[in-house]
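Given below, in the form of structure tokens, are the structures.
What follows is chain A paired twice: with chain B in the first complex and chain C in the second.
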Partner chain A sequence: MASKLTRANRTGWLMAFPGVALMTLFIIVPFFLAFAFSLTNQRLASPNAAEYVGFENYSDLLGVAVFTLEPERDDSGAVVRDGDGEIEYPRLRNFTRNNPDYPNLAGKREWFSWQSGENRVVVLASDVVFMKALVNTFTFVLFVAPIQAGLALCLALLINQKLYGINIFRTIYFMPVVVSIVVVSLLWRFIYSPGDGLLNNVLGWLTFGAFEGIDWLGRTDTALPSIMAMSIWQGVGFQMVIWLAGLQNISPTLYEAGEIEGASKWQTFRYITWPGLRNTAVLILIVITMQAFALFAQIDVMTQGGPLDSTQVLVFQAVERGYGKQDISGGSTISVILFVIVLSISLVQRYLTREK
Partner chain B sequence: MADVKLKGIKKSYGPVDVIKGVDIDVNDGEFVVFVGPSGCGKSTLLRMIAGLEDITGGTLEIGTRVVNEVPASERGIAMVFQSYAIFPHMTVRENIAFGLTIAKTPKAEKDEKVMEAARILQMENLLDRRPSQLSGGQRQRVAIGRAITRNPEVFLFDEPLSNLDAALRLDMRMEIGKLHKSLGATMIYVTHDQVEAMTLADKIVVLKDGYVQQMGAPMDLYHRPNNLFVAGFIGAPSMNFLDVDIVSQDGTSAKVNSPVVAEFAAPVWRDGVGQTPKATLGIRPQDLRPVAEGGILEGTVTLAERLGTETIVDIRLSHGHRVLASLGEDRVFEPGEHIRLDFDHEKAHLFAPATDQEKQAAQSAA
Partner chain C sequence: MAVVKADNRGLRLASRYAVLILVAIIFIFPLLFMVMSSLKPSSQLLLDTKSLRAFLPVGELSLQNYTDAFVRAPIAVFVLNSVLITGVTVLLCLFVCSLAAFAFVFVDWSGKAVIFSILLATLIIPYETIFIPLLLMVSQLPWVGLEGFELGWLNTYRVQIAPFIADALSIFLFVQFFKDLPKELIEASRVEGASWWTIYRRVVMPLSGPVIATAAILKFLFMYNQYLWPLMVVQEEAIRPVMVGLGYFTDQLNVPWGEVMAYLTVITVPVLAFYLSLQRVFISSVASTGVKG
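After this line comes the complex of A and B, so read on.
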């Protein structure tokens, strides 16, 4: 006989209450608050009441304009050149500041530009730092997701063999996952440190001293790749375990059938292993993409977005704005944009990898 | 087409010997069934012929080649697995063509061979389906189709019907029988089901504990089993075994009796019978028939199962013994009814004395 305790609906709800309440308070409520804040000028602590501002926060972040600068010409119509022979252009700020003829450029700054014949085409953004964060985040995802997934699959294939002591390798590859990302980031800061950092030392030793030390995290061209490499290393073990589970789900008789038909190693992978990993691949792709978009701790610990915003990413910007600059509405807006991006990418991935 | 010769084949996993020296000749075009209880090594033996397991000792010849070290794909065999081993992401057509795809066969030839296999198996209309849209029997047919397109010298079947339900099993069994007749290929078939063995085989090999117990045509095994195990394993319901004393014997027969068996003369032809005053008497349930007077056995009916074409009667003898009788007619018996049984004495089997354990093992293996 079931007692009243186990049958009563109320008891069930009561038991679920602590968990549900915490999740509501810290996940569901903030989720909806972010949407709400992104439409106001709410600040973290302010004596003034928040006002509804519509989509101003979004246009402040996402505003982009393309503007063509024509060269300065002298009275005869010839292009004016400076002492080095470079074409001279009017100053951009003439158009972006207090110029009633160009209201769409007001307040925007130069993001990047290129030369088009005599003209210079300038792309302006309302928030250049946000744009850099957006590009860096996408770059990070585009490199990390496929490389990490591919590397993890290679490792999984390697450790899926029946070799003596294979569990030692499994443990070694999985270890970085167990260590906190903050600790890993601190350690890698030592590895990457300029001068006599571990990486510089090893490279110097391997090249018999020919390699000159690089300030890995201090240069705009190496900072983001360095963080990518370290992130791949840290997360690859986790994906490896998921791949491994997928591999072990494939029936051994399929491999035996392949063996009898004379399939080569590559054909075995192409016709048996890879199709058998389909569902795992979808899972891994989505998980890695979402994890990569959420990049924060590495940046926070290692570079704080620098140097020169070369490692700014969306989540770091959201936190930086919301708490650093006390601009909660700006931070919320970034969070909502990130949510929309990840959601759309997941939906597209799901559509592309659907069961036909 | 080719014959297959196993000479002194052995298989060990570390210190454990699984196959302990097996000699089997499979003639060209023959349908040979390996049968035995689970763990007897029959599947291991088949996988060694296929090249999926290494051979620890002895030689394996297919055709005229020794193939001990030849990779599976070059042995000229095709194998059908119990779990079908068809690829879930491929259509039936792609599955059947798998071996040809691997071998990079030109498309025209591939299509032709697939159609040929589909025609033989009557599944032309299923070619564009996926395995998930097929029944168990159809899936097994796809697996057989894949084997046919390899055009092998020897077909190997590893318990191909075990995953099918009873009705389908009967259909597929007949289908495989027909396939053997139409292709005329050498086939080796592993099963634990003695009915499959009896119906399909030209030659049955009974295996137990890594040894061949007996090898021969199904009816040879049924009528003249070499030993108690084969006698109990072949035939359903299993042969009845009773301990008897040998009263007297001449060259070809012996007078036997026991507290539950009235004295009669049984034929003696097996090795080891008559060397001791004890023996084990085997009587097939189908040979027993009820008689009004006399008879060799008597007891009371504890249960009668009426199957329409036959009636299986469970009879308790004195001293705790029991026998099953299978009567080829529909008859009504009441539990507790007294019954006398007799049989054609020429059909009695005398074995060297066996322990209860051996008797039970033989009966429960079937």
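After this line comes the complex of A and C, so read on.
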């Protein structure tokens, strides 16, 4: 009876059609196009038709080689040293340019290197800027995801108290979430100004003048951490609210039982609150990870990837190539790499936190 | 003895509030600074960062920054564009997504399970990963408008609206809500001979206030704050939204911070006021993206 009443093939299709069509056209098709373009040399506006190039775009981005430089030796076999006693090495360029003996090094540049005895081990990459973007993005996620999730949980516990006026505080903590990340980035760019910037001054007061001003966004060692701190500040209210919803889903009878058993505050958290938040935790980690990998506006507004590529990230690179240089295939390749990373991490997170 | 206990409790309460207030300051100070600075001339603004004056409405206060900012950039146009783009997208999203969700929950049709899981799978695709191929795609899409046939969607309102009307999260929110509505309601209406369209319009949607608010608020925040996409597809001033309009101030050699603060205040304070007046709904909307996932 019920099935006859609710069976309506044509109506069902008609009603779902607008949504399905729009999502197909604007999400699913471009998603597959990204894979397709990444195998070609497609450009945004070009008189020539795109050609299939196989995995060239991927090897241009991901190509890495390790090469050991041996010291220059004189005729007697002794290591040649320069005036300061530093070991002299042959120039890398001799191996990476037009050297038929080392085809795997052709066109690559030095990414980083370290000393190993007398030798120097050099890691070369086809695209050093991309590699830096990759590493920076991972660094960003590895710091931001756990810190933001942890702080958000602290805030949620703080807000979950039964105190007069607690709603006012909840409202304030959530406020940065409704403000655009572009606005927030620009505000913080000013706060992070070198010299007499607001943050430098505040830290100066707190330390009674002992703190020396830092050019937060202008130094390679502080630029990315500064952007991380700001991103956490902006987003933490979002996760706080999700944790809070999780907290309020835990049955009060469990807490009553705990009280009767004489559980300490820590035991209550460890054995009642935390297990009750498991699903929330999985969700929060996945959401933060996805958001963090997609970071763009902060970089674009605050540093443009600088100084010295210390804040290059994947989406910024994808945009710089796909839009800035009109290299759709290069931008698409970075997008595909980004998607594969996000997907694998979500799958791993899901697997690690599966119901046992 | 009793006095000591009461004192203790008072102290503990006071320390709790102290922590809450301290944290509140951390969240509120940049925004307070933004509004206060927008009222000060740039020279004073930079000096005031040396003291607490940065957060107080003191010194030479005027709306000069606002007038200057409006002269430098067509801010009214940007705001109007953002309101138009956001408003149209939110309305279309509510209609299209609720209709699809209705079909997925209440109507039986062949293929719906497969299609629903495909749509749901797109939740894992960040928009940022499809923007580059989408950019090429929209630059070649045809359109038949009042001026006849044309090729390419760049520099239009539609390119800022159409891609964001339907999304998995909005459909999912409606589906979750519809599932909790009593099925008998729909069956009874069917028995009485009501058409599907009538049931959607007269029975289901009037009951869906909370989920409509949730979906609308999430879409509103997403659309109003859009940055990357309009940055790529809009070059013309006349259709530029607010976030991209910021470039008029930041691309200067000497950033006019007073004007920047005025512009930021203009585009942020209405949203904050909207949030403050509906904070309960805003917060529960965001929370609902988490609970049921």
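Keep this in mind: the second predicted complex is superposed on the first by the 333 of 356 C-alpha atoms of A that agree within 3 Å, B and C clash if a C-alpha of one lies under 4 Å from a C-alpha of the other, contacts with A are read in each partner's own complex, and residues count from 1 in each chain.
Everything that follows uses one rule, which is that contacts are C-beta pairs under 8 Å (C-beta built on N, C-alpha and C of every residue); 3 or more make two chains touch, one makes a residue touch a chain.
What you see is a predicted model; the values in this text were computed from it and never measured.
K.L.:
Please determine, from the superposition on chain A, whether chain B and chain C clash or fit.
P.N.:
Aligned on chain A, chain B and chain C fit with no clash.
K.L.:
With both complexes overlaid on chain A, does A:263 touch chain B (first), chain C (second), both or neither?
P.N.:
The answer is first: A:263 touches chain B but not chain C.
K.L.:
Does chain B (first) or chain C (second) touch A:275, or do both, or does neither?
P.N.:
first
K.L.:
Please indicate which partner A:254 is in contact with in the superposed arrangement: first for chain B, second for chain C, both, or neither.
P.N.:
A:254: touches chain B, not chain C.
K.L.:
Determine, under the contact definition given at the top, whether A:178 touches first (chain B), second (chain C), both, or neither.
P.N.:
second
K.L.:
Regarding the shared-chain residue A:169, is it in contact with chain B (first), chain C (second), both, or neither?
P.N.:
Only chain C is touched by A:169; chain B is not.
K.L.:
So, does A:9 touch the first partner chain B, the second partner chain C, both, or neither?
P.N.:
The second partner, chain C, only.
K.L.:
In the superposed arrangement, does chain B or chain C reach more residues of chain A?
P.N.:
C
K.L.:
For the overlay on chain A, what angle lies at chain A between chain B and chain C, C-alpha centres, nearest 10°?
P.N.:
60
K.L.:
Pick one for A:111: touches chain B only (first), chain C only (second), both, or neither.
P.N.:
neither
K.L.:
With both complexes overlaid on chain A, what's the closest CA-to-CA approach of chain B to chain C, in Å?
P.N.:
Shortest inter-chain C-alpha distance (chain B to chain C): 12 Å.
K.L.:
So which bits of chain A does chain B touch that chain C touches too?
P.N.:
The answer is that chain A has no such residue.
K.L.:
If we count contacts the way the header does, which residues on chain C are in touch with chain A in the complex?
P.N.:
Residue list for chain C touching chain A: 13, 16-17, 19-20, 23-24, 26-28, 30-31, 33-34, 46, 49-51, 54, 96-97, 99-100, 102-104, 106-110, 112, 115, 118-119, 122, 124-137, 139, 162-168, 171, 183, 186-187, 190-191, 196, 200, 221, 224-225, 227-228, 231-232, 243, 246, 250, 257, 260, 264, 267-268, 271-272, 275-276, 279, 282-283, 286-291, 293.
K.L.:
Using the touch definition up top, name the residues of chain A that touch chain B in the complex.
P.N.:
Touching chain B: residues 251, 253-254, 256-264, 267, 271-272, 275-276, 278 of chain A.
K.L.:
Tell me, which parts of chain B touch chain A in their complex?
P.N.:
Residue list for chain B touching chain A: 50-52, 71-74, 77-79, 81, 83, 85-90, 98-99, 101-103, 146, 150.
K.L.:
How about chain A: which of its residues touch chain C in the complex?
P.N.:
2-3, 5-16, 18-20, 22-23, 26-31, 33-34, 36-37, 42, 44-45, 155, 158, 161, 163, 166-167, 169-184, 186-188, 190-191, 196-198, 201, 233, 237-238, 241-242, 244-246, 249, 280, 283-284, 287, 290, 293-294, 296-297, 300-301, 315, 318-319, 322-323, 328, 331-332, 334-336, 338-339, 342-343, 346
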